[in-house]
Amino acid sequence: MLFGAIAAGLVFGLYFTLVGLGLNLIFGVMRIVNLAHGDFLMLGGFAAYFLFYLLGLHPLVAAVAVLVVFFLVGLPIYYIIVPRLLLARDSEMLSVILFFGLSQVIEALTAIVFGTTERSIPGRVLGTGPVIILGQRLPSAWVFGAAVSSVAVAMVYLYLYRTRLGMLTRAVMVSRDEALATGIDVHRVSAIAFGIGIALAGIAGVFAPFMLGSVTPSIGVQINVAAFAVIVVGTLGNPLGTVLGGVIYGVSLMLMQTYLSSWAELLPNLLLIGVLLIRPEGLLGRKTRRA
Amino acid sequence: MAIMPLVYSNELMLFNFVMFLTLAQGLNIIYGFTGYLPFGYVGFFGAGAYGFALAVMHLHFPPFAALAMGGAAALVVAVVLIPMLRLSGAYFAIANLAAAQAIYQVISNPALEDITKGPYGVSLSEVFAPGLSYAVALAIMAATFALVVWLRNSRFGLALQAIREDPVSAAMAGVSVVRGRTIAWLLSALIAGLVGGVFAWHISVFYPETAFDIGVSIFATVFTLFGGPATLSGPLLGVAILYGVYNAIGITVPQYFQLIYGLLIVALVMFLPNGLVSLLTRRGIRVP
Amino acid sequence: MLSRILLLLPLVWFALAGGAHAQAVPSEIKIGSLYASSGPFASISMPVYYTLKMWVDQTNAAGGVFVKPYNKKIPIKLISYDDQSSTATAATLYNQLITQDKVDLLVADSGSVLTSVAVPIAKEHKMFLFDVSGTGGTFFTADNPYIALMADPVSTIWPKYIADFLDSTGVAEGIKTVAILYATNDFTTTQANAVRGFIQAAGKLKIVYDQGVPTTTSNYTVLINNIANANPDAVLHLGYAGNDIAFFRNLQDSGQKFRFVFGIYPGEEQDELTKTVGVGGLTNIFSYVPPSSYHYTPNFGPTLEQFHAMWDKAHLPGVEFGANAIYGYMTGLVIERALATTESLDQMAIHNAVFGLSGKLTTMDGSFALNEMGAQVGEITPLGQLQADGKGGLKLVVVYPPELVNGKPIIGK
């Protein structure tokens, strides 16, 4: 039972890596708390649902479509909201509230237009038959989700560490003002990062009907806490850290479900608080970030 | 407010007004004066509600003593969470939210059913006293207002605002940063705890979801921000206008309710980040 | 002189009697209710609201509802507010309905959570509460006459037929061990406690797994594996619809097979679960047979087919036909019968009228029976099984109690 739980945790955790990845990027680059992250994820889920049922598109195809569309949508959202936000005295705090408002708007619009019943996509679309790892029977959809997540992490890593734009992005993550001083077009870099972050949320959402059973307009809120736990544990700004954070989250959740099942939901919260208090720079952090 | 129950008989709505007025001011103390936003403010509220409930159910305290227990429970939680004050900005907000959720999950767990009644909710019908609890809520509100007025006009309040603007300079000027923050934190928690206790008293039947409803934090935050933090009249205006609008909309145009509220919040942050009173303070008019 | 007085007397008498009647007849009967248009309870609340409204509209089209004390039909005004699934908002709104709108009849929102705040408010204002589907056992106490449960059996007896079936047919087929997995909220935990109690009292089956998980649980893969390790013959999953969807999907994906598997919502919300889990994942699953899947013979109100036809014609947006659709309309029917038999619009008279229907009223929801504290002890949902109908779909077959059975259960090997 123990190894099975760990195996399941690894696979499930990799999905949560994907969930946290976009949030990590946005927070790292702009110090903005995107409380609407879970809701963009939810929109990705609904998009996958409708693309599947109306156009018969396979979720992988839907994921690519979502990637492009959400990225393009993220850009104008950035330009409308963020520069103004950063002018205020207390932008970090205000971003919390602003994006919360945005999340309410998204949730309300989705509920009004599509209704509140649970939506799902049949699991066999991503492969039939359980995959057996270490004695644990896992849905093949989970393995698929984990694979997509790994690809996404690799791509983000390549973007940040092997492309010029990525290097500029990392510069902005370290210090926005200094980056501006060296002539980097901070807004352009940030907008692109924001777009990517939203796109990643959307892709994670495409797989949500498989990993979470179903999507409703209100799942955004609970996703957020888990996403934060993942990125904080794994160190902000470092995509490999998010992998670690996701895996830790997944494994501990599965272990809790096995041994202390009714307390399972307590875990992400305690993890978050614990890491922030004990090692705020995260497990892979090098410099002491003023957490 | 005191005579309104004679005029307008939906006194539960009035009670909620009083409750939010007080909570907004309590939040104001920690956010407006020190710049920390406790997104999990409802954690203290819920702790206060359950402190009251446990005192009544297990210790058979009379209501006033139980109310004190509610306040004490919130203080205990605040003390436990003091280490969080080391964190800044968004980290603090999120950690605080996680803490409130954690408390909720512990209380509502069926393993603790014998103590907190777990997920089944609490029923305190033996101390049900709507008139008296309303009066006590008013008293708590008045005391909180007095506190904010004092803070606004005292050295301590000024010191707090200095800490908010620039902790390093404040420390160099001789302000005890840690002590100031801690006191504001504890005061803020105590207020929420007392409000939670009187809420439990007034409503007498509630599930853990009600006592730890994240909506409470959200409303208190938005009202304070809308009116303008660090002033007395800001949160007052915020509650009067926004909560009034909330109830009016809720009753007349319900299905677009969440949408309107969300848009209001977005517009507020984008265009009036320092609150409604900033329209006046920008022009140099000082508000109480 | 005397003769003039005698002449006047009948005129005076008529004036007084006619006047008294005329000033007392209300121009409309106000019914107050709440619904949740968003949040976790929206999917069970909106169908109730729409069909209650349907009943109101139909009754008004026929001239209004017949109110016995005035011996005439009076139009109904339905005043409904949105509580957005928030109990604090709901409490304020219930108060609003009673104190500001001064409704004549009060109907609660759906589910135990949103009904719970109404119970003390109704009791305090001495207003009778038509509790639609709030089944929490603690609502019904001897000291509160101002409540009655309309449409669902109270949670503490609801799972009775599961236990009875397992103890009789199950044991005969060799079932020896049971696993119970439930979500930790009032509704499903009460059912878990009830079924555990029934099983332990009968003493024929051994419980080998008994765990509660948070209601927000959305992945059951590890849990299913752990259950399989305990080797149960029967598995009972008691959770809300979202939990059931995730559970049955994960169960199908895992390829695990158990001899008897039960979930609440495959039957209660068959359309929705079939869409999300799929026919393959629900074949041979046991569940409750809600009134939307069983043809009771009513002595008042439409039959299931007639009601379903009404529903289809109404083209209601974004809601599925299921048990909750029936509950709303059926509450209207109870109100109709109560107003037709009550002595006055006084709340205790309404209480007497509603309780008077117990044992005498059968609607498309089953037989209406209240115990002395207002808990519904009739309308107990039979146990059924979703079996392949030969056309690629599923049909819900009743397997217990014996007097309602219309098919044979299939218990796995």
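Here are a few things to note about the model shown:
By written order: A, B and C. Residues from 1 in each chain.
Basically, a contact is a pair of C-beta atoms (placed from the backbone, for glycine too) under 8 Å apart; a residue touches a chain by one contact, two chains touch by 3 or more.
Note that the structure is a prediction, hence the values are computed from the model and not measured.
Path length between chain B and chain C in the touching-chain graph (shortest route): 1. Seen from the C-alpha centroid of chain B, the farthest chain centroid is that of C.
Separating the CA-averaged centres of chain B and chain C is a span of 37 Å. Separation between the centroids of chain A and chain B, computed from CA atoms only, is 30 Å. The geometric centre of chain A is 39 Å away from that of chain C, both derived from CA atoms. In chain B, the residues touching two or more other chains are 105, 109-110, 255, 257-258.
Shown for chain A are the residues that touch two or more other chains, namely 107-108, 111, 262, 265. Contact with two or more other chains is made by residues 37-38, 184, 212, 214 of chain C. Put simply, chain C touches chain A in their complex at residues 37-40, 42-43, 46, 184, 211-214, 216-219, 221-226, 229, 241-242, 245-247, 249-250, 252-256, 272, 275-278, 280, 317-320. Interface of chain A with chain C (complex): residues 1, 4-5, 8-9, 12, 107-108, 111, 114-120, 122-124, 129-130, 136-142, 211-214, 216-218, 222, 254, 257-258, 261-262, 264-265.
Residues 9-13, 16, 105, 108-110, 118-121, 123, 125, 128, 130, 203-207, 209-210, 213, 215-216, 247, 250-251, 254-255, 257-258 of chain B are the ones that touch chain C when the two sit in their complex.
The touching residues of chain C, when paired with chain B in their complex, are 37-38, 81-82, 84, 86-89, 91-93, 95-96, 99-100, 113, 116-117, 119-121, 124, 136, 138, 184-186, 189-190, 212, 214.
On the chain A side of its complex with chain B, the touching residues are 27, 31, 33, 81, 84-85, 88-90, 92-98, 100-109, 111-112, 221, 225, 228-229, 232, 262-263, 265-266, 268-270, 272-273, 276-277, 280, 290-291.
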